[in-house]
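Both of the next two complexes hold subunit A, though its partner changes from subunit B to subunit C.
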Partner chain A sequence: MDLEFPPMNYAALAPILILFGASLLGVLVEAFVPRARRHLVQLILGLLAVVAALVMVVLNANDRLVTASTAVAVDGPALFLQGAILVLAGMALLLIGERTVQRGGAFVAHAAVTVGSAEDQRQATDTDGATEVYPLTMFAISGMLLFVAANDLLTMFIALEAFSLPLYLLCALARRRRLLSQEAALKYFLLGSYASAFFLFGMALVYGFTVGAGGSGTGGGVDFGTIRTAVSDSSASPVLLFAGLALLSIGLLFKIAAAPFHVWTPDVYQGAPTPITGFMAACTKVAAFGGLLRVLHVAFSGASWNFVPVLGTVAVLTMLVGSILAVTQTDIKRLLAYSSVANAGYLLVGALALSRDGLSSTMFYLVAYGFTVLAAFGVVTLVRDADGEATHLSRWAGLGRRSPLYAGLFTFLLLAFAGIPLTSGFTSKFAVFGAALDAGQTWLVVAGVLTSMILAFPYLRVVVMMWLSEPGESTPTVSLPGGLTATALAIGVLATLVLGVAPAPLLDLANGAAEFVR
Partner chain B sequence: MEHSVEYAHATGLLGSVWLLVAIPLVSAAILLLLGRRADRWGHWLGVASIGATFALGLSYFIGLRGLENRSVELSLWDFIAVGDLHVDFGLLFDPLAAVFVLLITGVGFLIHLYAVEYMRHDAGRRRFFGFFNLFVAAMLLLVLGNNYVMLYVGWEGVGLASYLLISFWNDRPSAATAGKKAFLMNRVGDAGLAIAIFIMFATLGSTQFSDVFNGAGQLAGGTVLVMGLLLLLGAAGKSGQFPLQAWLPDAMEGPTPVSALIHAATMVTAGVYLIARSNPIFSLDPTLQTVVVSVGALTLLMGCIIGAAKDDIKRVLAWSTVSQIGYMFLGVGLGGGAYALAIIHLLAHGFFKANMFLGAGSVMHGMSDQVDIRRFGGLARYMKVTWVTFGLGWLAIIGMWPFSGFFTKEPIIVEAFARDDWTAWLYGGAALLGAGLTAFYMTRLFVLTFHGPKRWTEDIDHPHESPALMTVPLILLGLGSVVAGALMASPVADWLTPVLGHGEHHEPVLSHTVITVLSLGLTVIGAGLAWVLFRNGTALQEQPAGPVVRAARRNLYTDAFNETVFEKPGIFLTRALVFLDNRGIDGLVNALAAAVGGGSGRLRRLQTGFVRSYAMSMLTGAVLVVAAFLAVQLGWLA
Partner chain C sequence: MSDFPFLSVLTVAPLVGALVVVFMPATRAELAKRIALGWSLAVLVLAVFMWIAFEAGGDRLQLRESYSWIPRWGVNFTFAADGIALVMLMLIALLVPVVILASWHEAESSKRSVPVYFALLLFLECTMIGVFAAADVFLFYVFFEVMLVPMYFLIGSYGGHQRQYAAVKFFLYSLVGGLFMLAAVIGLWVVGGKTFDWQALTQIDISTGTERWLFLGFFVAFAIKAPFFPFHTWLPDAGGAAPAGSAALLVGVMDKVGTFGILRYCLPLFPDASKWFAPWAIALALIGIIYAALLAVGQNDLKRLVSYTSIAHFGFIGVGIFAFTTQAGTGAVLYMVNHGLATGLLFLVVGMFVARRNSALITDFGGAGKLVPVLAGVLFFAGLASLALPGTAPFISEFLVLIGTYTVNKPVAIVATAGIILAAAYVLWMVQRTTQGTLNPALAGVESMRRDMSIREKVVVAPLIALLLLLGFYPKPVTDVINPAVQATMEQDLGKQDPAPTVGTVQEAHR
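After this line comes the complex of A and B, so read on.
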């Protein structure tokens, strides 16, 4: 059998290739650059790669094509989401690169050393810091970029693993609370592999279905075009199709943290190093939803009557679980984790509105939420005492008296999460719900409005605690951020404000991009 | 509606109407961001910003007089645009908005002035003024928006500011609880408003007032009814009307100027504004109007009955606010000419209720923050200014001629009697009875506070009158309580015609004179009865009483109702979810097994956070999802 190398449009693939190349380069930097200079070199390399890839995305802005045989689609949504991932990943790199808040940064070099052993203590107290985190992060970013452009299930699966594996490892690299960090990584890894297995099995069933349908002339395949044709062919076995689609969506629902596949989220968000938590909350969300949108809009849109009720129920459950459980949390990172679960529910509402408006408003929501959540985790990295970050909510009481500026910024971000008008949280929810109504999903909108009313409560409780309680003995001070965190914070807060007051330009951009190539 | 609603574009002076919102907003930002650096002068900035806004509002008001239709619209920028949905960041300055602007900034200015002195010894005075300015900005946005989304923006803003100000003294547990209660009950109403707005989008494709009012006539009857009921739910939540009334009296835990401005004069009347603004929708459906009237009538009686049984000076006033807003709801529900009457009563109420709240604050100031009216008595001699101004407010609220309440409440009662079926007797009777009850409980409050024997606690020696910064606003508001009603009654009704239309006049079932005589008579009887009963003071402790009084003391059991119906199931749901989430599904399975096997020891040894529990939850979820997909496909569910 002859394997022919398919023609590649390298310009269209450039953003992915740049990041991939930069991560390989990063590995070489680890090997050859002297330790003292590695941090700076890696950070600059990472930021340069992100900027270069972003430039390529902008240059490619008008591409609407499928390349590498049918494996990769470079179209409006792919480019928009790649741009979003790159911008958010750039912010996350700034948070990761911060070294003034804690000497040597928030990371260690070896994930799997036994906690409490001499070696582990050494790496946790080592002030030179570790830089392995950079190539890992860039591998994850390149996987995400591919994931939102993947045009067949196999490419999608490879991209999924390509961005998941580095993330599992990154979760275990926290300098403080090593045991919690390792536990989080292991849980994430085990459950993630479990979910991947669902995805794979689903892919196999869908392949079987396309073979049975036989409408494509090639006897079957896992590219979205073939699946799309097969779905519209009524002669094929629906059991294979829907069992396959169900298992595929379980794999994706795990990544977006929809209930009941959200169980890993609080533990992992809490245990992972905070900059990585922010990276996951922003970029993984964008990537996973990008993949889900493509699967639903392109491959299976012919079966929407069947999947919308089921996934709609999942969305309602997700919103309920996320918002109600957020009320009882006592740890700020777990609170933000449950809020991320609830936000996955709102995003699902948008994703299930299978229209152009639904697509564009979901993409807008992803960007808006990403900015806010990264900035919020940025603030979390700053509230510290001698033992590292003080994440228990009781410790945040009276923070407004101690550090009005940061408490003020955090208040603004919380108001955005709560969907208070004039923040991006309001405009994005409004756009998503409006699109869902237009698509006839009234029940999802009602559930969304009601749960967002519940969800506002835990946020405002934190606001009141910060401003109206007296600082206690144990209220930590806020560390002054270095330039990197300050920049990331400023970008996040500013974006939250601008997208809340004048969201029109980005909405227009999203709307212009909101069409998949089929 | 036959005539279409259109607004002219704002030009000239009126083009800068946005300054009304911007000035207090900037001032709030300065106060909150500068921190302690602004402690020395911050409160004066707060006062000055509201004063400037009032002056501007007055000049816009005058500028509006010459215009045709007296309405201008100003679109600042495109706020949200998704597909067909377009929301302007736009303002509408019309007669209705104008009178609200004057009320909010005018009364607001006096209350800000008063608060400078009232909050003098509070370490958080600058922060307080920051929140207070924020509230004014949000409230102005609420009444100035030219579409429902802008209204909602302001609506959320005032809710936020109100929550922060109720919880201002967060170190008191009661204040923290009250803040939560206000927040939760308001969210119920907010959800109603939000869904109503989405229905407008779905059916009319717009939330601009002009589009909605012009298009509402073509909607199906059921849609209008649902939309109206949801708007009413929002209005009831914000205005403390049945069934969402319970938060308002608890909100009195905030500082007194907050109670005066937010929980008496302005924010709580936002519900009335919402219904009056949406009058083209409400006028479409008689059922809808009847519901509004019933809510108003029920709430006004409830407020009176509970108000008569309370002993906390601010809570009595709070329940009287609930009851007076009930009158306003009655008015906007009656429709036609009564829309304007409700707004006029709202304006007059803003004056006399703010006056009485500030008076109560002045009393508390002199009596070491005592709020129990059983512990006052004989204060007339010690606090002359407070006594006189509070007395004017009292005469105004009970509707005594020639004070302002007489000119504004009376016409609503007459309108209630002018319905064209038997319900005229029902609602008219309720409004009339309410007048008598109001006279009773307000007189009780007045007599127990200012007259009769002293019943002070031992630590109080010689109560003092408040300083000038507090008494001057009292005097001005007291004057307003006397003249506002008579001055406003007819010019304001004319002024509002472009917004609320001309009402057809129905003849009441009783003649005008008979109603006036009846209501004045009931007022005198109620007030006289209270005077006789309480002239010699009252017991210092709560006395055993009959079932009616006991029910009234416990807010007619509405709190108990809320607790059983909403709170307990909510707590149960949360606990169940937390349990499920912590233990995972296999925890549940094991727990069941343990329970069945009687091995409670095994249940206790269950640990949380195991990956296998998580995997088990995921597997269960996966099985359900696959089953659901197949079920939908195979038609089991269809």
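After this line comes the complex of A and C, so read on.
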């Protein structure tokens, strides 16, 4: 049997290939570069790869094509979201590479050492962290880049696994609180595997549906074009379609941390090393929503009457769960985790407005939220005492008195989360709510506004803690950030401000990109 | 001179001042204060020029400027002022330097950075000016929300007893109202064809159901901000905990955003819904007048008492607005100005008492007039102005509201009049228990209570007293500016004609 190799547009695939190549190169670096120099070499390699891929994305900016047979679509949303992932991943790499705040960085040297043993205690304070995190991160990034451009379910699944597996590992690599970190990784892995299985099963059912729908002889397929045709002119029973779409959605909703598939989020966000938490909160969200948007807009838009009420209910539930549970949190990382759940709900509101405005506003929201959340986790890495990060909220009391600059920056980020005008949080909320209302989804907007009120309270409580409480005995100091964290922090805060004050350029960019190739 | 971009410069100038002041080192606090005072005086001068440039009988919206901001959403930096906005801008420009001077030593007692306090005051001035000067609904919303931030920190960081609780309550209440308004703003934007321009939005047709929901979204935000009963519970806490200067701005100006918003946004944008909801709004206002006055009588905390009097006064303003006559409307707007002056003065004087006694409880005073006769006299005057004694400015506004209401709705006017009697009760009783009678022995032992008003404090109260008297006898310069704007709102937007005065004929009189 002859296998014909489909023509590849390598230029269009270049961002993905660059990151993939760089991660393989990173593995070689691990093998051949002396231990002392690995950290620097890996960091530079990672940043260079991200920048090179970003340059390629910019050069490809006008591409609207499908390549590798029908496996990959390089179109406006794909390029926009790839750019977003790369910029945010670059920021996350800066946080990951930070080594001055804590000796040896935020990662453990040998994750397999028994927790609590003498060797473990020694490596907690002295040994340099593992540099394998860089190739792992780059694998994850390349998977994400592919995920947002995947044009059939199979490619999408491979991309999903490509970015999920490294993340499971990365979660287990926290230098401090090893048990929490390992628990997080295991939880994420187990639940993530279930989600993947759901996704696969859904794919199989959808394939069955396309076979049945296409009439005799044409055969089925899992590429979005085939699914789209099958959905739009089907006389076949839609049972397979709905069951398949439901299972696919579960897999995707798990990744975006929508209720009721969110239960892993707080544990994983808390246990993972904080730079990785930031990376997940920003980049995983972009990638997962990119995939979800393409699935909904391209493949299944013909069935929108059927899935919008269901996914709308999920969105409302997500916003409610995220905002209400955020109120009760006492740990800053868990609080941000629940806030991220609620934000997934707001993003779903935008995603369910199946219009050009809905698409562009969701993409805008993803970028705006990514910058803010990365900067917020950047601040979290700085507030620490001798035992590592001090994440319990009571420890943040009076922080504004001890270090007004970082407390001020964090306050600004919290105001952005709360959606106060002149921050990106406001413009992005306005964008998705406006698009949803325009698409007739009034109930989602009302739910969004009501949950925003609830969600303001936990943010405000942190502000009160920092500024209005007196510093206690146990108030930690804020470490001076190294250049890397400082850069990431500055980028995040500036972007939050700029996207709040002058969002027009990015809005125009998002709007120009907001059309899938079909 | 009228080509000068007054409104944008007025908005931006205090922000620049705030940035200058906030970066002053804490060791140069004295210089920071002086810069802040000088800056706010410069803003006042600019505001005076703006007043001159404004033509009293001219177009409804004047001094219009528009710059593109977010074209994709139709958002512009559009500034424009009608007569109502103009007098409020003038009030802000006047009150801020007075408050800065009155707060000269306020921040020092709090162990927190002194320059930051004054920077926050200037930032607050920027947002307050912006909210009144905006003629773009999006821009208005932005200022409306951002205004919360400096006030939150003023109360929370520099306030007195229970400041944390009060600051959070203030912020959450306002934010809840703001988010309701956000939903309505987005809704208005969608039905209005993706524009935020106030003038364009007054022209659109909205279906009855939608219009009522949108009205409610805006109204809830404004009713919380004003505040009207039953949304008022945050104000006594915030007013009681805020430093006196900030409380004067909070009640004197910030809360007027609520009543201004109703006049500027609810009535013109949703005229039919406004008429439909008017009886409810009037009912809330009337309950507020009586209920808050009764609570004020029972207060033992001076600052909380003044806060409750304000809620009662806002009831009068609400009645004046929703009576839908030019007279009552003009009275309501004039009331907004006069209340800012009178309550501002009252808060500042109370603050001077509190600073001396280090307590706001009335029972800690008693016979204070014997120790500080001049200060007690000013308190008495501020109290009289607050209860609208003829000869002081609030009298005219209260009178206009009442007669304007009486022509269309007699029972409402009669019930509201009962509020005047209660006002006399709470003011006079407060003055009596604080400054009259036998000297409280504990008070006599407080060293600082022996110092009567300093020159600085006299300079603070002098302009307010002068204006209260001047506008009490000659309100024409202000009413001339307000009247056309209110008339336009009532006649063009709502289509309400004032009832013609019925003149009894000779025969009727003989019957």
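Following the convention adopted for this analysis, the second predicted complex is superposed on the first by the 500 of 518 C-alpha atoms of A that agree within 3 Å, B and C clash if a C-alpha of one lies under 4 Å from a C-alpha of the other, contacts with A are read in each partner's own complex, and residues count from 1 in each chain.
One rule holds in what follows: contacts are C-beta pairs under 8 Å (C-beta built on N, C-alpha and C of every residue); 3 or more make two chains touch, one makes a residue touch a chain.
This structure is a prediction, so every number in the text was calculated from the model and none was measured.
Superimposing the complexes on subunit A yields a three-chain arrangement in which subunit B and subunit C clash. Contacts of A:Phe147 after superposition on the shared chain: neither subunit B nor subunit C is touched. With both structures placed on the common chain, the touch criterion links A:Phe457 to subunit B and to subunit C.
Applying the stated contact rule after C-alpha superposition, one finds that A:Asp438 touches each of subunit B and subunit C. Contact with subunit B, but none with subunit C, is seen for A:Arg356 once the two complexes are overlaid on the shared chain. Once the two complexes are laid over each other on the shared chain, residue contacts for A:Ala504 go to subunit B and to subunit C alike. Applying the stated contact rule after C-alpha superposition, one finds that A:Leu422 touches each of subunit B and subunit C. Of the two partner chains, subunit B is the only one touched by A:Trp264; subunit C is not. Subunit A residues in contact with subunit B (one complex) as well as with subunit C (other complex) are 415, 420-422, 426-427, 430, 433-434, 437-438, 442, 445-446, 449-450, 453, 456-457, 460-461, 464, 467-469, 502-504, 507-508, 511. Against subunit B, the residues of subunit A that register as touching in their complex are 186-187, 190-191, 194-195, 198, 238-239, 242-243, 245-247, 249-250, 253-254, 259-261, 263-264, 267, 306-307, 309-310, 313-314, 320-321, 324-325, 327-328, 355-357, 360-361, 364, 404-405, 408, 415, 420-422, 426-427, 430-431, 433-435, 437-438, 442, 445-446, 449-450, 453-454, 456-457, 460-461, 463-464, 467-470, 501-504, 507-508, 511. Residue ranges on subunit B touching subunit A, taken from their complex, read 32-33, 35, 77-85, 87, 89, 127, 149, 152-153, 156-157, 160, 163-164, 167-168, 170-171, 176, 179-180, 183-184, 187-188, 190-191, 194-195, 198, 201-202, 573-574, 577-578, 581, 584, 609, 611, 613-615, 617-618, 620-622, 625-626, 628-630, 632-634, 637. Subunit C meets subunit A in the complex at residues 69-73, 141-143, 145-146, 148-149, 153, 156-157, 163-164, 167-168, 171-172, 175-176, 179-180, 182-183, 186-187, 189-190. Per the touch definition, subunit A reaches subunit C in the complex via residues 415, 418-422, 426-427, 429-430, 433-434, 437-438, 442, 445-446, 449-450, 452-453, 456-457, 460-461, 464, 467-469, 502-504, 507-508, 511.
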